[in-house]
Structures are given as C-alpha cells and as structure tokens.
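In structure tokens below, several structures.
The following pair of complexes shares a single chain, chain A, combined with chain B in the former and chain C in the latter.
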Partner chain A sequence: MQVLKGRRQPSPEVRSMLEAMVDMVPQGRVPARIFNDPEVFELEQERIFGRCWVFLAHESEIPSPGDYVLRYIANNSIIVVRDEEGKVRAHLNMCRHRGNQVCKAEMGNASHFRCSYHGWTYKNTGELIGVPYWNEVYHRRLDKAEWALVPVRVETYNGLIFGNLDPDAPSLEEYLGGFQWYLDFYLKPGPNGTEVYGTPDKWVADTDWKICAENFAGDGYHTPVAHAFGFELGYFPSSARTHFEGVAVHIPGKGHAIGLGRTPGMPPFFGFPPEVVEAMQQTLTPEQVQVFSQVRTAVCTVFPNLSILLQPFSRIPGQPGVRFVTMRLWHPIGPGRIQMWSWCIVPKDAPQWYKDESYLAYTLAFGAAGMFEQDDFENWTNLTRQVKSTLARDLVFPYEMGMDLEPDPTFPGPGVAVPPYVHETNFRNMWSTWAKYMLRD
Partner chain B sequence: MGDRQDGTRAGRNSQDEFVIANEFATVIVRKVHTRNGVRLEIASPKLGHSIRLDPLELESLTWQTTETFSRFLETPFGPGS
Partner chain C sequence: MGVDPAIKAEIEEFLLHEAELLDERRFEEWIELFAEDARYEAPMRVTKARDAGPDIVEESKIFSDNRETLYIRVQRLGTEFAWAEDPPSRTRHFVTNIRVQPGDKENEYRVRCNLLVYRNRGDTPDYDLLSADRQDIVRRVDGGWKIAYRRIVLDQSTVGSHNLSIFL
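Entry: the complex of A and B
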C-alpha cells in the first residue's frame, strides 16, 4: 500500500529559490525565506518529513509488551507500540472505519485497541480482529484482513526508534551513513546503553524547526554570546577564549552533523562517573575513545529534526558538575511553529545518584524553563518573526564561516571532519541536503 | 462477618480489590471468599458483565496466547455485539 505520494508541487517562485540554493549554499548564502514560510512548510511536510527517517521514541519508553506512546511524523499521529512478541511497531493512529483517533492517551499499555466511535478493535500488531455486529450489519462479508491499522516502517539504532513514511526510502543504516559512529558517544555509555529519565518535556514555541536543528548541528558560535552568563557564572566549564577549539563533522549529502568542542587541559571523560568511564572504554572502539575522551560538548543533529547534546554542567557554579544528555525533537506544527519534545537520557548502568544529578543538570539548563533553553527560544522566536516580513523574505544570510578550512585527514571517524569546533561547514551541508530533498518530485 | 446470599463473605477488604484500567476499558478485580475457598472476580462496571474464576481456570489462562483474547474480542462489547 502506498502510504504517501508526493502530490504537492512548489510554486514557480519557490522552485526557483530552491534551484538557486543548489549553487548558492556551497558558496555561503542561504535564503532567509526558508525559515518561516507557509509554502515551504507545506512542501516540507511531504518532501522532508514524508521521506526522511524521523525520530519516534526511545526503546526504554516502551520496555514491556503492550507499552505504547503517541508520536508524530509530519501531521500524522503515530502509535509506537511494543507488540506481545516484543517487536517494536508503528501504526497510523486512525481507525480504518471512519478515521477516528484510536489511541487518545499519550502513553499506555494495551494488547488490543478499541475505537471509541463504532468499536472496531485491533491487536497491537495492527490487525483488525473485532468489528461489532459483524454478523448483523456486515453479514460477515467485510474482510477484516483488508482493514488493519496503516503500518509505518520502523527501524532502530541503539535504542532510538525511527519511522519512515516512504516505502522506497533507504534503510536507516544507509540513511545515517556513518553518523552512527558519533551517535555511539551518546548511546553506548555501557553494555546496556541508555534509558530515558522520565517522560519528555513538551511545549509549543513560535520558531521554525530548522533554526533549532541548525543550532544543534554545531552552532558553538552563539554559545559565549547568547549564554554569556552561563560562562561567567561558572555553570559551564568553558571560556570564551578557548571555546572554539575542537572539530565539526558532517556526513556529505545526508545532512547529519556534529560539533565536538574541546577545552584544553580538561581531564579525559571529565564529568562522567568512574563506572561509566570504565564501561565506555569497553563499549566504544579505541578510535572513539581517543576522540570522545577529549570532548567537552557534543552537539549534533540527525537530519532533519532530531538533536542531541552531551555536556558537562554544574548546578553549583564553579563545581565540576556532571554530564547530561538531552535529546530534542523539533516537531513542526505550522510555519514558524514547533511542538518541542525534550528528553533527558542517562546511561542505564550508571549509579542512581548520577542519573538523578544528570537529570537535575538537564532540567536546570534545558528543561522547558531551563536557563539555556530560555536564552535560545528568546532569540529563535524573534528571528522567526523577523524573517517572514516582506523585506526580509528576499534577503539571504551569510553562511561563509570556514569556507577555506580543510578537513583533517587524520581524523579517525566517518564523514568530513573540519577543525575547529566553530564554523558553518556543517550548516552548508545541511541546507544543501535540505534543498536536494525539496527539489525531488 | 456473616456470609452473604451469594455465598461470599460480607464486607469488602480493600486489600483484596483493585482496578485495572487503560484508555479502552476498566475492570474491577477482587478476591471473592466463598465459605470453603476463593475465586477471582473480574467485573466490568461499564458493560455490566462479570466472571468469577477459580484457581484451575486461572491457571488455564497461563497457557493461553494473545490469539485467545483476540478471538474473545471478535465481539468487542460482549455477546451479541
């Protein structure tokens, strides 16, 4: 069954903007208009979110048979459920009879789902098994096998469940294209990987998903400015003087990107408890240990809209603090508008005190009212409002930072690794990739 | 505590009763003490059905598969639906 067909065509104006981006972006120019535009938003729904692997849930959110959560890909409500055999599945959350929403609770446990409208009942595998008054009203002629919940492709990487609406899309492995090497730093802190700490924080913000995704693809440039007080007060073990040290890596043509910031003299694996350091030395390869043990900040975006940040942070200014990992999904719900999903993930094998402390650090910095979160959203919502003005829509932004930099040929990880930490190489790849998806019919 | 007409012991012990619910259904589950033994009662306050299962019946549930319950749910609101 064809789930999604790309039916929407861009207007001549938007098409010519996208075509211009093919040459313009590698030369360091990106149109302002893409960051808040109704037509771009509508086209993205099909051409980006209808084709890319989109993050749905962490496996630890549905650990037992029957556990489910509701998630979204574009404007589709998706049930992500572990079936009775333990297999992770995803279904469109829509009764096949008249389209009613089948699951209404954001999370729950069920072996079967019963629609509240006419009572059609599905196994959690999606199979339709119960139709009220099947004898009386359908005279047993309705073929239940034809009316299962619409399945959505799912694949996982180290606990992360992704979904794809495009039956012809490449596998998740191919889609990630080597970016797994970097994801391992977040996802393999021990033999049992990671788990979510509690439920995701969610809120709505008037900003475009691309602004946020770009920021987390390695915008170390804004950090000493937008978050200046975090440096000055000592919440954050970096200084503006050395902040740009490190490397930025992207996967060409895939859009994924990571910034790896280093602080000179920082002890290896600073901020992790000894148990986790020991475990990482076993779960990571020697090359990964060599790179990641030196990293202070690891901030990445899995194209299109999943970002992850790993950062040491101290609740008490000046103290060493702990590492926290936040995973965030910038889910577009309208032009210049997102529903924000923010998780804290912790090493499953870490001692409980560390998990608790890590969660507190995350909440203080990046929860809905987190100090860094507030700084970012203040800027991002203002920016989003500005770029939709009649004058702004024809302007371009400079993306020239680091145009002359050369990749480091000795860097052991996949992709293109360009030192230092702060430049715009990752973003140029990201917006070129975005334009490529948007131009494909 | 005297015996009730239905053979169960009068009075409800709150420790013997609990609710199992999700967004699709709610049932009240309780231990029902008869004069000489015990059963597990499962009641649906919304649909008005209830069943009392003895240990052997309950044990037989342990080797059922989801398919058994999928068959039960072919009539999602009970007999006649």
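Entry: the complex of A and C
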C-alpha cells in the first residue's frame, strides 16, 4: 500500500529556481528564497520528508515491550512503539475508521491503542483486533485484516530509529552511504552504545529547518561571532584563530556532512572519562581512533534534519569539564517555523557521575535555555523573517568559501574530506542534494 | 502551624521586589538575592495518559543551575555579545496566588506562587506568555531574605518561545 505519493508539482517559478540551483550551487550561490517560502515548504513535505529517512527516536526511549513515543514525519503523527516481541515498529497515529488520533500521550506504555470515537482497538503491532458491535452493525463482513494502522518503514543504526514514508526508498544503510563511519564517534563510545538522558527539550521557533541543519553541517564560521560571549567568558580552549583547524567531510550526493574541529596540543580524547576512552579503543577501528582522538568538536547533519554535536565543555570556564553530545531534530511545522526536539545522549557504560555532569553541561549550553542555543535562535529567527521579503526572495547568498580547496587524499574515512574545519564545501553538497530531491517528480 | 502574617507580608514584598529587578534588568542586584548554596531548576513536562503518573520528568531540566552557573548567565548578559538579549526583551513578571508555609529549617519558608511572564522583543507586537507553578524556599539571612531554592514548572510540554534567555 502506498502511503504517500509526490503529487504536488512546483509552479514554473519554483521549478526554474530549483533547476537553476543544479549549476548555481556548485558554483557557490544559493537562492535566499529557499529559507522561507510557503511553496518550498509544501513541496519539501512530499519531496524531502516523504522520501528521506527521517529520525524518529533513540531506542533507549522505548526500552521495554509496549513502550512508545509520538513523533512526526512531515505532518504525519507517528507512533514509534516496541511490540511485545521487542520489535520496533512505527504506525500512523490515525484510526482507520474515521481518522481520529488513537494515541494522545507523547510517551507511555501500551499493549493496545483504542480509539475514543467508535472504539476500534489495535494491538501495538498495528493489527486491528477490536471493532465494537462487529456482529450487529457490520454483520461480520468488515475484514479487520484490511484495516490495520498504516505501517511506516523503520530501520535503525546503532540505536537511532529512522522512518521512511517512501516504500521505494533505498535501505537506511545505502541512504547513509558511509556516513555511519562518522556517526560511530557519537554512537559507539562503548560496547553498549548510548542512551538518552531523560526526555528531550521541546520548543517551537519561527525559523526554517534548513538554516539550522546547515549550521550543524559544519558552520564553524559563526562560532567566534555568534558565540563570542564564550570566548569572552573563557569557555573556549581555542582562540578564534586556531578554531578553524580541522577538516570538513561530506558524502557526495547524500547531503550528510560533518565538521571535525581540532585544537593543536589537545590531549587525545580530551574530556572523556578513562573508562570511555578505553572502551572506544575496542568499539572503534584504529582509523576511527586515529581521527577522533584528535577531534575537539564534531558537529554533523544527517540529511535532511537530524543534527548531532559532540563538544568538550566545562560549566565553569577553565575547569577540566566533560564531553556532552546533543542530538536534535529540526522538524518543520510550517513555512519558516519548526518544532525542536533536543536530546542529550550519553555513553551507556559511562559512570553515573559522568552522565550527570555531561547532562548538566548540555543543559547550560543547549536546550531552550542553553546559553549557546539562545544566540543561535536569535540569529536564525531574525534571518528567517528577513529572507521572505519581496526584495530578498530574488537574491542569492554566497556559498563560495573553500571553492579552491582540495580534498585530503590520505584521510582514512569515507566521503570527501576537505581541510580545514571552516569552509562551505559541506553546504554546497547539502543544497545540491536538496535541489536534486526537490526536482524529482 | 500557620505563618505569622508579618512574615508572609515580608516574603510577598521580597518576591515583588525580585520581580521588579528582573523586569528592570538589574541582574547584578537580582543574583544577590540568591543564597550561596541556591539551586535554580525548571523540570520538563511531557504529555502522558491520565493514569500514567505525574507529567513532570524530574531528571530532565530546562534550567539546572547552582549559584555559580546562574551568575555566569548573568555575566553573559553583561557582555557585548549576548545577542539573544540585544536589544533586550521587555518582560513583566506577574507574581500571584502566593502561599507561604513553614520550611524544614526554622529560618526557611516554602513559598509557592503562580507566575505569568509576558515577553515582547523588537518592533513587532508579538509576545510570549509563560505560565508556571513556582516553588521557592526562602531563607532569613541577616534580617533580610535569600532564595535558597527555586523550582519553575512551566505549564507547557513544548515551550512556546524560541529561547529562554530570560529568568523566570
């Protein structure tokens, strides 16, 4: 059964903009209009979020049979549930009888979901097992097997559950296309991987998801200015100058990208506790250890809208500090508007003190009240407001930073690795990939 | 055991003074109202079924500060680079339904109030309204009052602001 068809066609105006991007983006230009436009938003709902693997949940959010969380893909409410056999499933949160929401809590544990309108009842596998007055009103003719909750494809990578609305989409493995090598730095800090700390921060903001996703695809350029207070108060171990050292890597044609910032002289795996450093020697390959032991900041976007940041941070400037990892979903809910989910993930095998300290570092720096997050959202909401104006919509932005840089042929990881940390190579690949999806009928 | 009405009046006046300092952005004076061992916390809420227990997730915090990190937040606002508050938000803290109970220690009181914060930024008339159940422990120190503990429970599971660069 086809769940969603890309029926919407772009207007001639938007189509010509998208066609122009095919040549324009590799040459370092991106139309301002894509960052806040009602038609672009509507088209993205089908052509991006209807086709890509979209992040749903971390497996540790639903550890036991019956555990569920409510999430979204495009504007579809999705129940992500672990069934009684332990299998992770996803269903459209809609009764097949008249469309009522069958699950109204955003998290919980349930073996069944019962619609509060006419009482149709589904097992957490999605199977329809209860129809009130089936004998009396349907005369046993309604075929229950035909009316299960609409299933959504799910696949996982190291604890991350993704969903896809397109039955013809390639596997998650093929979709990630080698980016797993980089995700391992966040997801394999020990034999048991990671877990979420508590429940995610949630808030809404008038900003376009794409500017947030781009920022986390390796915008080290903004840090010394947007987060200048951090240098002022002594939070950053690097000066603004050495801040640019490192490498930016992207997976061509897939859109995924990561920035790996290095600080000269930083001790290997600085900020991790010894237990985790030791465990990473087991779980990561020697090539991964060689690269990641030197990394201060690892900031990435899994196309389209999942981002992860790993960063050493001390709550009190100058103290040794810890590493924290924040994973966030920039979920579009309207043109120029998003709902945020922001998780802190921690190594499952790490000592409790480290998990607690890592979470405290996260919550001071990120989340709705996080000191760094605050300034990002100030900038992103203001730019989103500006780019929808009649003059702005015809402008382009320069994306030419690092056009002449050469990839490092000795870099051991997949994809194209271009030193240093700060340039726009990742973004050109991201917006070329975006345009490719948007042009596909 | 009831609380002496004179004490209650003093504490009410203390909280209204505190709200005034916040709305006038006198953060360096505001932080002085917190005891050295103070904690400042805002747990998250989630939407759960009615029979699935409390909707507050205690381990998850929007704010989880001690006096030292709270002061860092104040220092940050004092730099030239706190973009989220430049130009500053216009806030109005409405502190109502104040109830005062004796605390666990002789010089401490548990104070609960309803908090409504109006926030407007820039040249648009748009505003955020944040409603919360605020629970404080206030302590008598040298004839004055200090906040020893503050817990802010917002009445939203999804926060309706693009950031919380203000204090509650």
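The definition used in the following text is that the second predicted complex is superposed on the first by the 441 of 441 C-alpha atoms of A that agree within 3 Å, B and C clash if a C-alpha of one lies under 4 Å from a C-alpha of the other, contacts with A are read in each partner's own complex, and residues count from 1 in each chain.
Methods note: a contact is a pair of C-beta atoms (placed from the backbone, for glycine too) under 8 Å apart; a residue touches a chain by one contact, two chains touch by 3 or more.
Values in this document were obtained by computation on a predicted structure and should not be read as measured data.
A.B. asks: Can A:204 be said to touch chain B (first), chain C (second), both, or neither?
C.D. replies: After superposing on A, A:204 lies in contact with chain C but is clear of chain B.
A.B. asks: Applying the touch criterion given at the start, work out whether A:132 contacts chain B, chain C, both or neither, answering first, second, both or neither.
C.D. replies: Only chain B; A:132 stays clear of chain C.
A.B. asks: For A:378, select first, second, both or neither according to whether it touches chain B, chain C, the two together, or no partner.
C.D. replies: second
A.B. asks: Could you tell me if A:22 is touching chain B, chain C, both of them or neither one (first, second, both, neither)?
C.D. replies: The answer is neither, since A:22 touches no partner chain.
A.B. asks: After lining up the shared chain so the two structures overlap, which partner does A:403 touch, if you call chain B first and chain C second: first, second, both or neither?
C.D. replies: So A:403 meets neither chain B nor chain C here.
A.B. asks: Using the superposition described at the top, determine whether chain B or chain C touches more residues of chain A.
C.D. replies: Of chain B and chain C, more residues of chain A lie in contact with C.
A.B. asks: Considering only the touch criterion stated at the top, classify A:104 as touching first (chain B), second (chain C), both, or neither.
C.D. replies: both
A.B. asks: Have a look at where A:233 lands relative to chain B and chain C in the superposition and call it first, second, both or neither.
C.D. replies: Once the two structures are laid over each other on A, A:233 reaches chain C alone.
A.B. asks: So chain A touches chain B in one structure and chain C in the other; where do those two contact lists coincide?
C.D. replies: Residues 104-105, 108-109, which sit in both footprints.
A.B. asks: Flag every residue of chain A that touches chain B in the complex, lowest number first.
C.D. replies: 84, 103-105, 108-114, 119-121, 123, 127, 129-134
A.B. asks: Can you check the complex and tell me which residues of chain C touch chain A?
C.D. replies: That would be residues 42, 44, 46-49, 52, 57, 59-65, 68-69, 72-73, 75-76, 79-85, 157-165 of chain C.
A.B. asks: Name, in rising order, each residue of chain A that touches chain C in their complex.
C.D. replies: 104-109, 197-207, 226-229, 232-233, 315-317, 339, 359-360, 363-364, 367-369, 371, 373-375, 377-379, 381
A.B. asks: State the interface residues of chain B toward chain A in the complex, per the touch definition above.
C.D. replies: 22-25, 66, 69-71, 73-77, 81
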